[in-house]
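Chain nomenclature is as follows: A, B, C, D and E, assigned in order of appearance, with residue numbering initiated at 1 for each chain independently.
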């Protein structure tokens, strides 16, 4: 802890990087997984393709993905996009299933009621299906966010990792405190983000706690 | 008016849910579809608003073939009350009710005002508007479901076992509420249930379905009771057919005078005497005894059901349930106006039969 | 990558692909075993009593936040080289999904069935072992298989501390700028993950009661 | 290229008048980068830092594609990186060859006297047991010993292949460890490996009383510290400043600085760099 | 025998679910707890096998205070049929039924043999034994639930709305099955329902609960009908009390001879004539006409319900539902033995009342 206090500025700096590197992929991945998850919830064939694919993508070691990405998409080796793209892939791999499950769990009679009242598909999705899928989706998003925050550190391999920097440095100088500082930072960030999402989820789904 | 013309529905797996259905639902009436589980009631209903499309045949709503109308547009003009209400759990009661007006492009304010009115119409305190469905009891949810279906003032209302999830007491309330509403609103209502009592109570006409999607009989309730088309209908309509037939007969039964007494009075009671309170409302019967007695609470034999002039059924039951075999007749204020006898009811029934008032 | 992968020289010897595959599998299985022994009883107990659910979800999310590399480094700094730091890091990774799956699974068991279990005179242990766990198995497997995927993918980092496994190819390939080797390593990892998942899917099929299969596959109706 | 998603921060292309200083991901490189950056900004040059960029394979690409402009380097390894077949080992020959080998847009400035070479290191116990002083002494025992080093050491001419070619030393086993870092140190200490690749200025050598084996056949080339810089950014002022630093640094300085970094209070390189600059009067 | 002595249950949140309940369930009878939703029926039931422990008061099962017995042991001796069956989804039907014997330490073989027997007893094909609960219909699941509760042959059976999840037709089957079973097995059964018809049909005694956990009345069904203790019971028991009372009266009604004719016969019909088939089973009525006619299918007026001598209710309904006002009486083979008249039923009722057979 003393390291954090003594090097507040540096700690703050890596925190900012870490935060950016984890929030961007979460948002992008979440946005991508909504249409994909919707598709999966509708079609068994789509599920049969998307879910195993997500599993396989998820198992590609992050180091490999981070190093290969610039070769594949042709950006500069030190660009943050090299960390962001793999993390987006992981986020989508995690979230497709959550979104699909969440949508599939929307009660059938509610959907039938919406159809019967004359909702057209897009509007129904935006105002009925998706809001009702939110609690489960947000539970998935919490996991994805936390995983992202934890995984960003791998980016230190290419000089980008936020707290990951502290791990490498601490490690090379046999400086446990520095590693701990990064660890604490990561966990605190994750817990805060998790709590924030929990809170947002509650604000967005006031009905979920209505009644008993 | 809703017309089914040779409508058949065969599902992909080969199940024939509805088989060559021909049936006309008159405008402004409640028509009930009744039948055992899986006989195609829901399927028939859902073909009206195109939640399901028929395999063959035509369905006309007010003369227009539903297949020619874009489904969402069609549905906004047809109220649909789904089993267990099917409310949107994520919207307040008020917003649930306002759904269809908003979909049809009303502005928010007007839709909400209308929704609040509707809550009152279905007998809910407007304060419930701010709650979420999960905060309501089953019966209250059903009312919201009805209000929601009524919101755009559609001429046609489809109701699929709307009251099946509530207990019998609440259910009776809801049924009465529906009858009251219909008397005001005069919609064309198709009501699905598998409870024959509910069907007989609510339906101006009842369609009895049997397994495989066949229409076994389509008739007025009293006709189902007195002249079931076949054994299936007879057994489905169940026992007590004769007794139930009385529900639909409103022939006059002679009201006889009855000896009454007030609590605390000293009287001689030769025969059964009806004890009443200050407002002349029945308290119980005093059986005949020798000599003079003071009328006390403890001597009363409590009393049987009361007859308010509604139907022969009520009259007979009042007589049957009374310890004196005399059914107590009361007026709207609950005051005693006389008594009826079972024999008179049976004669009234015979007279009604002779007059052709009981369908054959 | 293909060239590297199909070079027979890479398929033999103590640093060949088969040995690395087995090492990787070894890390994975032992990690999962240890994690299951820790996480299933914990998740089941909390699910059964219904107390501490909030804590379990919070704890498992906090555990998920631990960067595996950092844990690995810390344990190496404290306890030295060897397999121990690898297992610590991987077990910490595997515990949250298994625990969350078990907890959710036990919670999701039809309360009527649980009530009936008590009603017929089962003791609490019996309720848990004979009714709740068997019924929770699909979700337990869900968490377990998720953990397995993650562990297979992450066991790569064992190579970071000089240990074996398929991560060797990834790290060496990275250091040597031999992307063929690195990619081959990554593909082998993904392949192993799929195989391990298939293995557990088979195990799931064998051990989960047919009565719990989603409608339609549970036999004719 | 700019990343529209990443928002502000490190990632915007640096304005042309700013020098982006990079470093490899080990403490000495970071320290040297800090020294360069600090000295330059003291002279009024606009500087931004992008430190800890993995290994040479990565950061060299960064220098090439303009992601960074300046980075501390070592003559021998840099030469080998650019030209795999380079055979020069002497300090001046290497420097000369390096200058020739560099692509158009990159230049190296004056080399310093400070050297941080690869070396084969053993523990005091092993040195005593086999009476080892130089690599020549090691030759008979190579086949009994496990060797630890970074993965890339296996294939490098100034690695295992060099040892085999020049000394005919083939180890029983090679264990991939880290690049002269704590894993390697730990490997030596717990006897997982008996000999390992460390760097001569590593404070761990002194701290653990390891023995550096002499290299009479010069497998390991000279490794003088010098700045590698983007030609366009190498204004006269920049050159002067960096050359002045190179003049002040020798191997002893590096050893002292590394010792400081590894000291019990683990100071940040930035702080150590400032102190040294102040002391050196630059 | 099960005795509730001043039993009160107050939940942690302050809800008083059962309030000072005093009640004795006789051994070998079916006792039904009935009442509106939330009135404490389930809570009362579950205190018997200690699924819930009372806040105060004592419950004795066969004279033993349940609180002195370790709950799992207690429960193995008390069959418990839960709402919607509550079967174990992961076990086959046979293993579900074998649960309690296995828990009680029977060997597997014996437990399974017993389970297979029980499936037959509750009217299920033993082939169902290998299926899983999800592969059964609702009604079949209920039967399995009953079989499971019976497996260890417990003297006491608790049944909590066991038939509420099935449709009315299946429900009636299950009720009849239960009555048949009980006639054989002679258990002490406590049965919870909120359906008053079910309560009246199944209960030898019925406990009517009202909100707040109060016992409103505890009596034989006919007593509830004829002498409800208060307005709550009267309204809960519902309309038709008088008519329903007849269910419990088996007084003799005079059977009158009736003119019969066979199809195809040529007869003169002065008055209503009952047309029968070769086996003397009723086909329909022919109304009186002038002159000789040939009896043809088309002239028949179909027939009203039949009276098989069961209760006054059946007799009255037969008479009321008959177009001739004559209720057809049939024997076990379905052959006509005569007719009954509504007047006679009413007189029989009066006689029964006078004889004190109708509770006051």
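In this section, a contact is a pair of C-beta atoms (placed from the backbone, for glycine too) under 8 Å apart; a residue touches a chain by one contact, two chains touch by 3 or more.
To keep track of the chains, here are their UniProt names: A, C = Osmoprotectant transport system permease protein; B, E = ABC-type quaternary amine transporter.
Predicted model only: the values in this text are computed from it and were never measured.
Here the chain-to-chain distance from chain D to chain E, counted in touching steps, is 2. With respect to chain C, maximal separation of chain centres occurs for B (centres as means of Cα atoms).
Simply put, of C-D and A-B, more C-beta pairs touch at A-B. If each chain is reduced to the centroid of its CA atoms, chain A and chain C end up 20 Å from each other. Chain B and chain E have CA centres that are 25 Å apart.
Chain centres here are Cα averages; for chain A and chain E they lie 58 Å apart.
Averaged C-alpha coordinates give centres for chain A and chain D that are 37 Å from one another. Counting only residues that touch two or more partner chains, chain B has none. Among all residues of chain D, those that touch two or more other chains are 182. Contact with two or more other chains is made by residues 156-157, 171, 174 of chain A. Under the touch rule stated earlier, the contacting chain pairs are A-B, A-C, A-D, B-E, C-D, C-E. The residues of chain E lying in touch with chain C in their complex are 49, 51, 71-77, 80, 82-92, 99-100, 103-104, 131-135, 148-149.
On the side of chain C, the complex with chain E involves touching residues 110, 112-113, 115-123, 126, 131, 134-135, 137, 208-212, 215, 218-221.
Interface of chain D with chain A (complex): residues 1, 3, 5-7, 9-11, 22, 25-27, 30, 50-54, 58-59, 61-62, 65-68, 181-182, 261-262, 266, 268.
Those residues of chain D lying in contact with chain C across their complex are 55, 57, 148, 150-152, 154-155, 175-178, 182-183, 186-187, 189-190, 192.
On chain C, the positions that touch chain D within their shared complex are 76-77, 80-82, 159-162, 168, 171-172, 174-177.
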